[in-house]
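Each of the next two complexes has chain A plus one other chain: chain B in the first, chain C in the second.
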Partner chain A sequence: MRDRSGKSLRLEEWSRRDSFLHRRDARIKILSALLFLVAVSSTPPSSPAAFVPAGALLACGLYISGLPPLALLARAGVIIPFPLFFGFVSWMENNNALFAGALVARSYISALAVLLLVGVTPLPALFDGLRGIGVPALLVMVLQSLVRYLQVIVDHGTRMRRAALCRDAGVMPRRNRQSLWRRASGALAVLFGRSYERAEGVHRSMIARGFRGDFLSIRPPAVTTQDWLYLAGAGLSILGARMLARVSQ
Partner chain B sequence: MEVMHIPDGILSVPVWATLNAAAIPGIGLAVRRAQKSLSEGHVPLLGVMGAFVFAAQRMNFPVGFGTSGHLLGGALLAMTMGPGAATIILTAILILQSLLFQDGGLLALGANAMNMAFIGVWAGWLPYRMLSKGSLRTVGMFAGGLLSVLASAAAAIAELRLSGVAMSPAIVGGSAGVFLVTGIMEGLITVAVLQAVERLNPGWLRVPRGMPSRAAGALVTVALLLTIGGVLYISALPDGFESFAARVGVAAQERILWSAPFPDYEVPFLPGDWSRKALAGLAGMAIIYGICLTVGRLLMRQRSA
Partner chain C sequence: MSLPAIDVQKLCYTYPDGTPALRGVDFQVAAGESVALLGANGSGKTTFLLHLAGLLRGEGEIRIGGVTLEDETLGAIRRSVGYVFQDSDDQLFMPTVLEDVAFGPLHRGVDASESIRRARDILATLGISHLEERAPYHLSAGEKKRACLAGVLVMKPDVLIFDEPTTFLDPPGQNELARLLIELPQAKLIATHDVYFARKVATRAAFFLAGRIAGDGPVEAIADRFHWRLS
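Moving on, here comes the complex of A and B:
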């Protein structure tokens, strides 16, 4: 959650741009992203070179999307510590540096693919797409209200934290840690209560505006021939990249 | 919540495929039950509580030695919203984290949901449910917080080991130590926050229906601890019997008396390593589910007779 709101805002801005990928149907983009992830994941992590074809395919996607490549590459880098740690641990155990490198490459490329998907699909369309591919409607509605109130609740928590800091000027009295602990838990309890009450208020105002148990959204347009052609092209390219990866091993 | 978000590309195909196959119907079932039991007003509540967990993770608790920790939230959600609702909220949070914040992968969503939204939530809920009445209530809250972290972490480590990530016993032991400290922190914060929430409004805490005995509570807690310990132990070491048999030379003289249907946890007639293992895993789960269902129905019939 550290500075996450800024990151999601930037993604939101990217997703509102226009490109061939931006114009494709969300369901088709989700399916092609899942296909890509399965192809990458099923490539054995024997060497980082095995992921060059998938990386090249992703680079094409990045180019077509028109998104800032360096910012995307940097942002996908947040996942590197995880595979790096376990790759290193495995390297120490098995003396196989190639496996470690392949694990990092596989994980990084997968994260970049998800980032590309979210970067070319606005969140409302993404949620409609998720519903379209069979994610339960209730779960999508929870996701929508989570996103809608995330910033509100996080801002509320930040204001409470700032107020507490102003009261004690950020000084932590070492001998009175128990009261600090009580104060922190009290603040969280108040935030819990405010969130609870806010949810009830939200529901009341939703009912006042005619909420009948389902968020209204613009019906997603039918999948066009161009979308199907894109899916076919993406599928074939992914298959080709996967076969090239097999050859390169 | 941030016990271990496994990204894509780390888990092997059999592991993520099996866990997705198990988690998807599980989430579907939780949603279906929620649709029956929750009113429309709960939909914004579930979403806002998800946002609360995000915000709560930003609030630091002083630990000492100049460090601080923060709430993870799985057990707290289970004890306030109930395990079914907590499962849905945590699944929604995991989806959002994987899409917007690159915390955890999309294909690994089944694994992460299984670890945190199912195992973590139920490991947090059961001790609280068992001990929620009487003087041991606080112990139940603490055990819930502790076990939710330990169970999730143990499951994640086991999945990594099954995916071929080699970990020495020292690494597994070190990780277990880190998770134990995190779990104790989570238990303490959960108790402190729940008590403060209760002072504000006792109605915000979930009151379990039907009180099982303390012995049952202790049994569940010990069973959970043994499971977590066992998972970590087998994650670090080779199979004890096989290793012992190889050392004393018995393994060379073994005779096969009965051929198991899934030798070495694989379906032998299928092509491809991962499909053999994935189907064997699914078949195993289905058999265990069938046995549990049959035993449960027999017990219910006996009780009602």
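Moving on, here comes the complex of A and C:
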């Protein structure tokens, strides 16, 4: 049986590996990722080659990070249906395949860049970094809570799925979709009910240990010379890639 | 005469859905004393314990180490009460054991390096230093329980509260936990269904029945009086 919770956990495990990118300060990584996203989103849909420099830069990042590229590429692919749908609509309306293709390419490259950032930055450091670059503390707290509660839901969902599989063992005929949906919606209601209870338990435990609405970290961020050099290098590379995209028009 | 570690007078609580959970509980625990809370599921043990940490607020008076629990003293009370929850997964929410154990001191104003030092000390005391970089969800039930205990002990509380501490633990794990609890000098309140465990770690037991304390005395006597054993 495949454990679906493994996917989110793996991303967290990856973020705790060691590489040149892993060792960089979270704020620096966030800034360079933002710069990259701005460069990608502002790349004009002039030709299919326009996104090659950004893709090549991302490939370098993947190589330096030491993360499994195929697994990251597959995870980023999760977002493909959305831009594909909007790209298709846009193609139908404007009869411009290049524009539709650019929409998909932009979304996929951006998703991959964000995944790379999360894959090389442990979540607590990432949240500290967001606070460090001036993202409002309330927003960061909401994000932290969201991540934590998503983990809770995934955890409960996995257990419920296991329990269901143990009692069902796939014997239920697939054609009985109505019954399947009824069961799924019931299970979903139970899942949210149980997740809510767990979230309440976690919250109580946090309050009991001094939580006042602001997550603190035992690893205070410190920017080193190497971080600044990385930011300069990454910034220049991103600008270079953006210029190349312009040349390819 | 020293102040009782826990002093509760006429504590009442009704859940928002109208279910009465506590119906006038009077209860005291002396400094350094270990008391087991026995009673059926739903008899009010956990609700009572949540009140002691200020996580639920009912009617009546609660004093911890002589300090009355009210809005102004809530922070101080929570600093002096260490709560080990029944489900370790509720308590372990940080990405690594070290970060989880350091969470308490860090969020009570201790700086990061000192929080790490204290966390490492307590992990060493409990013999789980090797787990410090592990993700809590990868630990065994016994390891999780010890990590939870570390997360509470690191805050040096005066009162320790354990809600069903033997849940998910195998017999060696229970023995190990009992050994650890016996060595702790704080006043301890342990809600449990396990009379053998209660007898090991506590000298006194209070029996909860429908939101009231129906009996209070030596563990053996209370277990006999309420037929609280496997037959």
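Please note the rule applied: the second predicted complex is superposed on the first by the 162 of 249 C-alpha atoms of A that agree within 3 Å, B and C clash if a C-alpha of one lies under 4 Å from a C-alpha of the other, contacts with A are read in each partner's own complex, and residues count from 1 in each chain.
Here, a residue touches a chain if its C-beta (ideal position, glycine included) is under 8 Å from a C-beta of that chain, and two chains touch if they have at least 3 such contacts.
Note that the coordinates shown come from a computational prediction; the quantities given were computed from them, not determined experimentally.
Of the two partner chains placed around the shared chain by superposition, neither chain B nor chain C is touched by A:G240. Judged by the touch definition given at the top, the superposed model places A:P124 against chain C, while chain B stays out of reach.
Applying the stated contact rule after C-alpha superposition, one finds that A:L138 touches chain B and leaves chain C untouched.
Touch criterion not met for A:P69: it reaches neither chain B nor chain C. Taking chain A as the reference, the larger set of touched residues comes from B, when chain B and chain C are compared. By the touch criterion stated above, A:R148 is placed in contact with chain B and with chain C alike. In the superposed model, A:R198 makes contact with both chain B and chain C. Once the two complexes are overlaid on the shared chain, A:R209 sits against chain C while remaining clear of chain B. On chain A, the surface patch touched by chain B in one complex and by chain C in the other comprises residues 148, 198, 202, 206-207, 211. Every residue of chain A that touches chain C in the complex is listed here, in rising order: 9, 12-13, 16, 122-124, 148, 155, 198, 201-202, 204-212, 216-220.
Interface of chain C with chain A (complex): residues 50, 53, 55, 78-79, 81, 83, 85, 87, 89-91, 93-96, 98-99, 102-104, 106-108, 112, 115-116, 119, 133, 135, 137, 151-152, 155.
The part of chain A that touches chain B in the complex is made up of residues 1-2, 4, 7-8, 11, 33-34, 37-38, 40-42, 75-76, 78-79, 82-83, 86, 89-90, 92-94, 103, 105-111, 114-115, 117-118, 126, 130, 136, 138-139, 141-150, 152-154, 156-158, 161, 172, 177, 180-182, 184-193, 195-196, 198-200, 202-203, 206-207, 211, 213.
Every residue of chain B that touches chain A in the complex is listed here, in rising order: 5-11, 13, 16, 27-28, 31-32, 34-35, 40-41, 43-52, 54-62, 64, 71, 80, 88-89, 91-93, 95-96, 98-102, 105-107, 160, 164-168, 171, 189, 192-193, 195-197, 199-201, 204, 274.
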